[in-house]
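Okay, handing you the structure first.
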């Protein structure tokens, strides 16, 4: 697990300070073209006198940099944030309530739309939770297919994060590159399940469809060519003076704070906590894959960026391993309490017909019980908690939203930073309002 | 508007046949203005949910919204021509959407992108407005959940078509919709209730239990 | 590298524990119990009502008023170290006789353990819908508890700022995730829309939240009026 971070200092930055962070003091260019740092201006003696009234600024709910309909009320002293009060709920659509009125398989379309950057990953997570509740096992082929789906969805989610964050911080080109790669993943998904964004790809006990012929070649091609884009974006951003200047040292969370605030995913790992659900509470046989959990060392916006970039590479690595081991065989489990029997048998075999009838008319019923299945979504620990009272519809379908918990720390993170840095910090959380408000 | 003749699709006529050697152009003013308007609509993306992601995909490299004169996203409603409401609008957001619409200067249009914005979509519950047309007037509805980028582009082309057909003499077009002082609503309460009635499969899926 | 950034590795407190693996063939009831459950029983005896293992996940039912103490111990004790709060939520069953359950999901990163704590709130009309807050132990509980209050009306005693979070503050229809709350809400659509539109979108912060509150009297007249207005014109 790599904890080392190297920052190649580009022309735009002015070297590293003792702590190994790029400096961000003002620069001057000497005659010979070399760059030196000016000492930061000494603090004003009479700074106290300049302290004026606090000002309230309302950011959102309609603001291009709030990634949806987040609203932040900021109390400013000059340009420094004294206090930040987030307001959420502008996208509260009652997912959990609706889940209580739908059968398990019928809930799956809702999981698409709740963290809509990670639709297919949510489908898988929900199916895993429901399967634990039903007590059924999935086939080896299905396991690998689901893992491929999860990693693809991590890639497209991180790409959206990358694109929108670049726009927030002032770079437009990486957005176009990222979205072009996204379109390629969309093509894959579309060939597989027929939808670009709202995939509804899984069913309890299996998948909606097996992959079509030739799909694997397309995936292999993607795996081969995708890292090139990551490298390109890496080259443009990682050592870019503006990028470094606008991300380093912002929104720092120490490891202890991050754990105490319940942060998860890249936010937590950037703070130096190597917690990854895939590694520590594995599902879908993640323990048998060879991948690294990148960890940051400073817990700032820049580290979160580095961690996500590394995760893109690691996901590609996992995809390559999964593609190599995809076994043949059936995709759906043969437990016909839950999975519809094949049509041919439903017509001829008495028992299959009864299963078919019961499933269609009443829906599959899990035994009394409850299950909490957490997966590592691109935002962090995403959990589905389901409680069954023996009927065909869950009594409670709870979503443990990672970005909701991550966002709750924003007040702490932006305090004392400049107003313009609030945008960068907010972007670094990777929020999805659909998931936060549900 | 009554029975005015449909404007001809030809923007202008040129006539060089008179032999004077001069060329000249004759057109109707509103045709010219509308042509200009339709080709340079500034969208105000009001993206809330999943549809906003497809909207971003439409604006990005592969589908390239700029081809239709719309690359200038206007995140401030005061410089925008067309509100693209992409995504669900819960009740908590309703006054915000309404305020943004009021802040947009005339002439303005609205595209409702996706099933949720148009009708509440699959969210027939306590939290979601059943169609933004109960709050603001809508010109083009784009169906789909989410609509594909091609679908959105088609909707935009339809809006351009609509803009080109407008007549300046039609006073009803540029009216602001004011709320009814008594109910505070924009369309009659009965109409809202009727529009929001559950239908089809949704009626049967509301019973708990089973 | 400053001291607070020592890398935290989950599982580090139990180095000889077998590497975690994908759980398979979990039984509906019974199976391996989380060792913390026994430790809890030994330590809090009467405070622990019962322990269930469902699909391999251990649920510990604890007494309502001793919850704070129990969580504090789980958090601090060097042999438990439940330092990570995953989730706080509640469950109401369709059967109106069954108690409402408040559920905490805790993780111990150093020991790689997962534990579910439950408090049952009987619906006998005598038990208040109140549980102690864990906010003072886990900062991450702040919003989770607010959400639980917003959706179920369960009060977390000791929470510093227990307000609605997802619905707006003057929402009048009740607590949406309660079973007696209809899917489409209590009011007609037109009434819901009317109430929503009557809200002042700028009015959703209260003076109490702001540090300017102390300076209120010194503000210019016009600003005071506006802030006051914003405070009052409730939704």
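We just call them A, B and C in the order they show up, numbering each chain from 1.
Convention: contacts are C-beta pairs under 8 Å (C-beta built on N, C-alpha and C of every residue); 3 or more make two chains touch, one makes a residue touch a chain.
In this text the structure is predicted, and so the values were computed from the model without any measurement.
Participant: Should the pattern of chain-chain touching be classed as line, ring, star, complete or other?
Facilitator: complete
Participant: Compute per-chain Cα centres, compare each with the mean of all protein Cα atoms, and return the closest chain.
Facilitator: Taking the mean of C-alpha atoms per chain, the most central one is A.
Participant: Report which of A-C and B-C is connected by more C-beta pairs in contact.
Facilitator: Between A-C and B-C, the larger count of C-beta pairs in contact belongs to A-C.
Participant: Centroid from C-alpha atoms only, then distance subunit A to subunit B, rounded to Å. What do you get?
Facilitator: Distance between chain centres, rounded to whole Å: 32 Å.
Participant: Measure off the straight-line distance from the CA centroid of subunit A to the CA centroid of subunit C, and report it in whole Å.
Facilitator: Going by mean C-alpha positions, subunit A sits 23 Å from subunit C.
Participant: Let me have the rounded angstrom distance from the C-alpha centre of subunit B over to the C-alpha centre of subunit C, please.
Facilitator: Spacing between the chain centres: roughly 41 Å.
Participant: By the touch rule stated above, which residues of subunit B touch at least two different other chains?
Facilitator: Residue numbers touching two or more other chains: 92, 96, 125-127, 206, 208-209.
Participant: Residues touching two or more other chains, restricted to subunit A: which are they?
Facilitator: 61, 89, 92, 94, 97-98, 101, 391, 437 - these are the residues of subunit A that touch more than one other chain.
Participant: Going by the touch rule set out above, which residues of subunit C reach two or more other chains?
Facilitator: 94, 167-168, 176, 181, 183, 201
Participant: Quick one: in the complex, what on subunit B touches subunit C?
Facilitator: 91-92, 94-96, 98-99, 124-127, 129-130, 134-135, 179, 183-185, 189-190, 192-193, 195-196, 198, 206, 208-209
Participant: What residues of subunit A sit close enough to touch subunit C in their complex?
Facilitator: 1, 3, 19-20, 53-54, 56, 58, 61, 71, 73, 75, 82-83, 85, 87-89, 92, 94, 96-98, 101, 132-133, 135, 137, 254-257, 259-263, 271-275, 279-287, 295, 297-299, 367, 369-372, 374, 381, 383, 385, 387, 389, 391, 395-396, 398, 400, 404-405, 407-409, 412, 437-438
Participant: Which residues, counting only subunit B, touch subunit A once they are in their complex?
Facilitator: Subunit B residues touching subunit A: 46-50, 52-54, 56-57, 60-62, 73, 75, 77, 87-88, 90, 92-93, 96, 100, 122-123, 125-128, 145-146, 148, 205-210.
Participant: Residues of subunit A touching subunit B in their complex?
Facilitator: 61-64, 68-69, 89-94, 97-98, 100-102, 106, 109-110, 112-113, 116-117, 119, 160, 163-164, 175-177, 179-180, 182-183, 186, 196-198, 362-363, 391-393, 433-434, 437
Participant: Residues of subunit C touching subunit A in their complex?
Facilitator: 1-2, 4-11, 19-26, 28, 54-55, 57, 59, 83-87, 89, 91-95, 103, 105, 109, 112, 114, 116, 138-144, 147, 151, 164-168, 176-177, 181, 183, 201-202, 204-205, 209-212, 215, 219
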